[in-house]
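Same chain, two partners: subunit A is paired with subunit B first, then with subunit C.
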Partner chain A sequence: MSTAKVLWIEDNADNDLYHLTSPVYIDGQFNLDIATNASEAFYYLNQRGYDVIIVDIRIPPGKDPAWRNKHESLRRSNNVNSSRLGLELLRCIFDESEVQPTLKVGQNLSPDRYGIFTVERHDELKGELNKLKLTSIKYQRKNAIMPHTALLDFIKHVSEENGTSSS
Partner chain B sequence: MPSDHSYQHIIDLAAADYERYKDLPFAVFLTTIDGVFLQCNEEARHLFEFPNVDASPANLCDFYVYLDERVYHISELQALSAGAWLRNTTLDLEINGEIRHVRDHSKAIWDESGENILGILCIMISISKGDRYNRLFKDVPIGLYKVRININGDHELVYCNDHFAQHLGYGSPQEVIGRDVREFHPSKDEYEQFEKELIETYERGQFLVDHIVNIRDKSGEQRKLEVHINLLKDRDGQIIGRVGAERDVTDYWETKQQLNELTTDFGKVLHSYSSTLIHSKHTMDAVIRSFVSKEEKNPQTQQLDEQKVNILLQQQIGVLLKTFERLWTKNEELQYFSEQECHHMQRILSLIARDVGEQFNVQHLAIVRDGSIKIRDDVNKIDRGLFPKELLKEIRQLLTSILKLCSLVTLSRGVETVLEMETVVNNLRSYILTRVKQAEKLEPLDIYDIMIGVVKNMEEYAVKRNIALRANLRDLRDVQIDGYENDLVRALLNILHNAIKYSWERRPPATAFVAVESRVDRDWVYILIENWGVPITNEEIQQGLIYKVGYRGINSSDRRRPGTGLGLYDSLKVIEKHKGEMTISSEPSLGNARDDYSNPFITRVKLKLARTKPSL
Partner chain C sequence: MENDYINLIVEISVTVFVFLLGLPILVNQIFMPDDLRRMSKKNYNENIILQICVLAVILVAIVSVAFISNIYPAIDFGASKSDIVTGLFGLLLFLTLSFLFFNMFKSQGYRAKIIQMIRTKLIRGIRRTEQLDPAFFEDLQYMGIYSKGGAETRNVIEALEEILDHIMKLRNGSFDSDGLISIIDTLCHAVTNSVEPGSKNNMIEVLTIYKGILMTLSDYNTPENEVFYGNETRKIKDCTTKIALSALKRDYADMMPLVLNVLTLIPRSSDKLFDIGHLALGRGQYQIATNVLAEIMDRDNIDYLTMNNYLGLVAHFFMSGESARQYARRSLNTNRVEPTLEQTQSAREYHYIMSNFKTADYLSLFHQEFQKGPDTKLLSEQ
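Our next item is the complex of A and B:
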């Protein structure tokens, strides 16, 4: 059985949310990479092709000076997105009005491989997602009542919808 | 104006000149030779602070500080030929208790014979500083005003600028000047209370500043004005009026009130979070106490010993793998599990056994737990009588034991997380509520007691994190500083909490430690808090990033460390409030390069606080 490749962009993946990863490992259908900040995420997205990319909205900039500068400049201007670098990451990838950074791995430019897994309500993000023409991007809210298999379930959902599911 | 026939005659004689000059931006007025005002323009009313259009029965002579100047003035006019102007005479006038220095240009109004002066036409400009400032104040974007208590006891508005008039709901100063300002106060009681405070403040030798008064404007709408007032007294010390500045703070005040309420509510929410966290911690403690056995405890602390549990867990997993070997052998004979099922279970077992021999981290513990549950479910599905009963029982017991050990460690880590978060929530609550509480008083504090209290407060958290607290505070005994206790304790807790939080744990039997050192000299108290662990980069220190609100260090999320990004900002502000100093350094501990984070960094927070000066 071939395993689908998944990138989970989540700063708390190794901390508060580590309970969510073990069902993915136990299930065995997915090969999981974790990026805990925007710098790591951008690096992975330019290095490896993924079948499913799960993005958290509130992530730190990481160590790449470009992302640190972006974060600092948003912070200085009191921009609400200063702590929503997951959204900035999506903007970097999908905003046609910007000079396309063109991810080196073309496979990762397909919106149907992406899912948003965040504490923020969908209507808080809708405006920004509409601007990026990501109106149909998969969305799952993180909260305390979600089952410990929530991440696995969401990965499966995105994977089935985009046709990369092996089952 | 006077309607006397002789007065009208003077007015008629001066009519051409008066009409010519009355619109000049200066005080233009006509008086009789005896000083009775006959005509005056708006500027003159303003200069002499005439409240009404009618200037009568005012007499110019009453305003002269030196009356002989008036006599001299008239004699000079008499010396001039008819129609000539007496220019640039400077005079001192006393207007409502204030001396005004004015420059005057006068022209005598002669009778038809040309022998007698009947009246004087004056063009006057104030050159006293006060009036120059009055012209300037017109443009200042705050309300400025002057109130005079007249002979009837009315609190009459004699001067105001456009902003003041607008704040009272009037279009211009002319519409409001002359009114009794008491009518703008919502009630007599409120006005009297305001006046009482004004007088009491004045008697203490101070001005009434930053005082909020309620007023009702022209339309009856209630407004809030922030006023800054000085009382005016005459030479005998009688209160004759007041001058003040005000700004309309109605909207700001409401927002501030709402913000205060919101802040208080937010503080209450945080308080309830704190209670919930304490409840969660005690619940988890109770579960740990219920299930932990003697061999899993540290004999000294009687707490769960993670190292012992780790060893037991490794042993149980080893036994489980061997037991499963027997199950696979039996399965070859029974062919109960398909090849795919076997492969899947073996993969899970290999995940469980991964890193056996190493210290378990929480992620691995979660895999061991979920893997064990999955295998237990699969084993529980086996039909009775197929596999030896004892073999299945042994597997179930092992899985139960493994799950218990995993749960104990997970709970213990959970307690640690709750303790960290509880401190964060508590500090945040304290930080927020400080902003709405009344300011603390500066008072002499026993810094030794405060430091001991802070260290004790952090002891349980340090034990949970397996960090030893080494405090050497002997030098602080009987030393006092002048400080704000709550603020200082919060700042010190923040700093010590950070030191524990950002310490790297060491493998037993070695223990990581946080050192708290102190020394004093004649004037200063020095406190050093040192830990080995998460680095702070040079950039973060040099650019002061670590002191910014909401900033979380580049490496701060290393190994699960919750925070608000307020701690160091708040601590620095508190130390600065104490006129002390706070410096932070972070250096590689074992000769590693600054960008090599494989070894811990030594982070030192140095505080310098002034000792209480001995009383003479």
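Our next item is the complex of A and C:
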């Protein structure tokens, strides 16, 4: 199939950000999966290979007890990252201390397939991303005045940069 | 003089008790939801009967003291009989007021409390027998269907989710399949068949639960035990479609990406995608229809239906105005599909067999229209 596979990790994809998905579908170049929480995201990343993975930083833990426990322990310790489970997801995937590959689908372990699409400022995340050696990860800030093609443009940008663009 | 006082207390106690006899009926009416009162096979008023029994014992004690005092005045209790009767009457009054107070207090949020009670009993039953108690589960189903949309339905959904967790954990993946299917079905009925206006958030919650079940089934799936391809998955497919169609009728368009996401996790779901796309197109909800068309091509190929549903939906797009036709052409181009007469006829045959006569007719017209080529008046098609 000529379409590139995209995973968008975003908890508001079915609400206010719905209008962002329409240009992606209409464009026809990308096949979009949406994960609405960390549990679903981790499931998709272990099941399917993606050309582009767009990560929101503020996502809920979902149903998986492991993610729920992680969220709960961060929240109890008043850690600022308790609501930034997207960052924890990246940490879980790109943590160098892991001996085993962190995902079953090797294709999804490539950092150049990832992009961060979030309301957080880049400088707020910089320190954490540097620790994970994700300094060159693509970043796009969400805001109320972004164009309706913001998601599509960002997906295209990540896709072109990592050479998976079909056009 | 003492006997007159004791007899007066007895009269008052009897009056209080007669009033209390009506309490179970009163509490039953204020505490039990109407639908459960009419059909439940279970008794939710055991505690109230017990309370009446305690008060009856006190009343018998008062009457006994009065009887002895009047008929056998010589019998000595070691304390003044009027003091004993006063003490017993005080206890009767205190317990009466306490029971009334707690029952009135309990009547606040009674629906939520009944749901909690049923949930607890069902979970206890699952632990004991590894199965759902059908009578309690039936009550929960009624609660789901007859709850008001919003918070009330959410309570039922949360209870079902908790029961679901216990069912899924049973026997390490070899769970009660009938129970799981009943829960999937009840979740669907709670958000689609409710007599009250639905709540979008509840529908989203149910779809998220379905997604969780599919993920768990996929984790449990092995070549020896293909649970992911079982009846549970098929039930989720049907229920997701019902929710999607119900959402379309209520104009909850923005939850469609989630619907499509659930369906794309399920094998052989292109027929359901076609149903959703077809209805969306018919209702003029083009954004949803285009989303479906973007997803359906891949599904058709995976499902070995050789583009039958894809071409069927494309045919509907072709008959839905110039812009819709333009999008359909674009989709065909992107997917590098140039439908041959054989492919179109195969799709027509498939939809004819499925009794989608309108689609079958549109497919005949589509092929003729497609052969004419793009409309050059539309700039983006040049």
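One rule holds for everything that comes next: the second predicted complex is superposed on the first by the 162 of 167 C-alpha atoms of A that agree within 3 Å, B and C clash if a C-alpha of one lies under 4 Å from a C-alpha of the other, contacts with A are read in each partner's own complex, and residues count from 1 in each chain.
The rule we apply is simple: a contact is a pair of C-beta atoms (placed from the backbone, for glycine too) under 8 Å apart; a residue touches a chain by one contact, two chains touch by 3 or more.
Note that the coordinates shown come from a computational prediction; the quantities given were computed from them, not determined experimentally.
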Superposition on subunit A - do subunit B and subunit C clash or fit: clash
Which of subunit B and subunit C A:43 touches, first, second, both or neither: second
Which of subunit B and subunit C A:11 touches, first, second, both or neither: first
Touching partner for A:21 - first (subunit B), second (subunit C), both, neither: both
Of subunit C and subunit B, partner touching more subunit A residues: C
Touching partner for A:63 - first (subunit B), second (subunit C), both, neither: both
Subunit B versus subunit C as contact partner of A:112, first or second or both or neither: neither
Which of subunit B and subunit C A:95 touches, first, second, both or neither: neither
Partner chain in contact with A:128 - subunit B first, subunit C second, else both or neither: neither
First (subunit B), second (subunit C), both or neither touched by A:3: second
Subunit B versus subunit C as contact partner of A:33, first or second or both or neither: second
Clash-bearing segment of subunit C, relative to subunit B, as chosen among 43-51, 61-69, 259-267 or 313-321: 313-321
Footprint overlap on subunit A, where subunit B in one structure and subunit C in the other make contact: 14-16, 18, 21-22, 25-26, 28, 36, 63
Contact set on subunit A toward subunit C in their complex: 1-3, 13-16, 18, 21-22, 25-26, 28-29, 31-34, 36-37, 39-40, 43, 47, 62-63
Subunit B-touching residues of subunit A, taken from the complex the two chains share: 11, 14-16, 18-19, 21-23, 25-26, 28, 36, 60, 63, 75, 148
Subunit C - residues contacting subunit A, complex: 204, 208-209, 211-212, 215, 218, 253-258, 261, 264, 287, 290-291, 293-295, 297-298, 301, 327, 330-331, 334-336
Subunit A partner contacts - residues on subunit B that touch it in the complex: 344, 347-348, 351, 362-363, 366-367, 369-371, 374, 417, 550, 552, 554, 557, 560
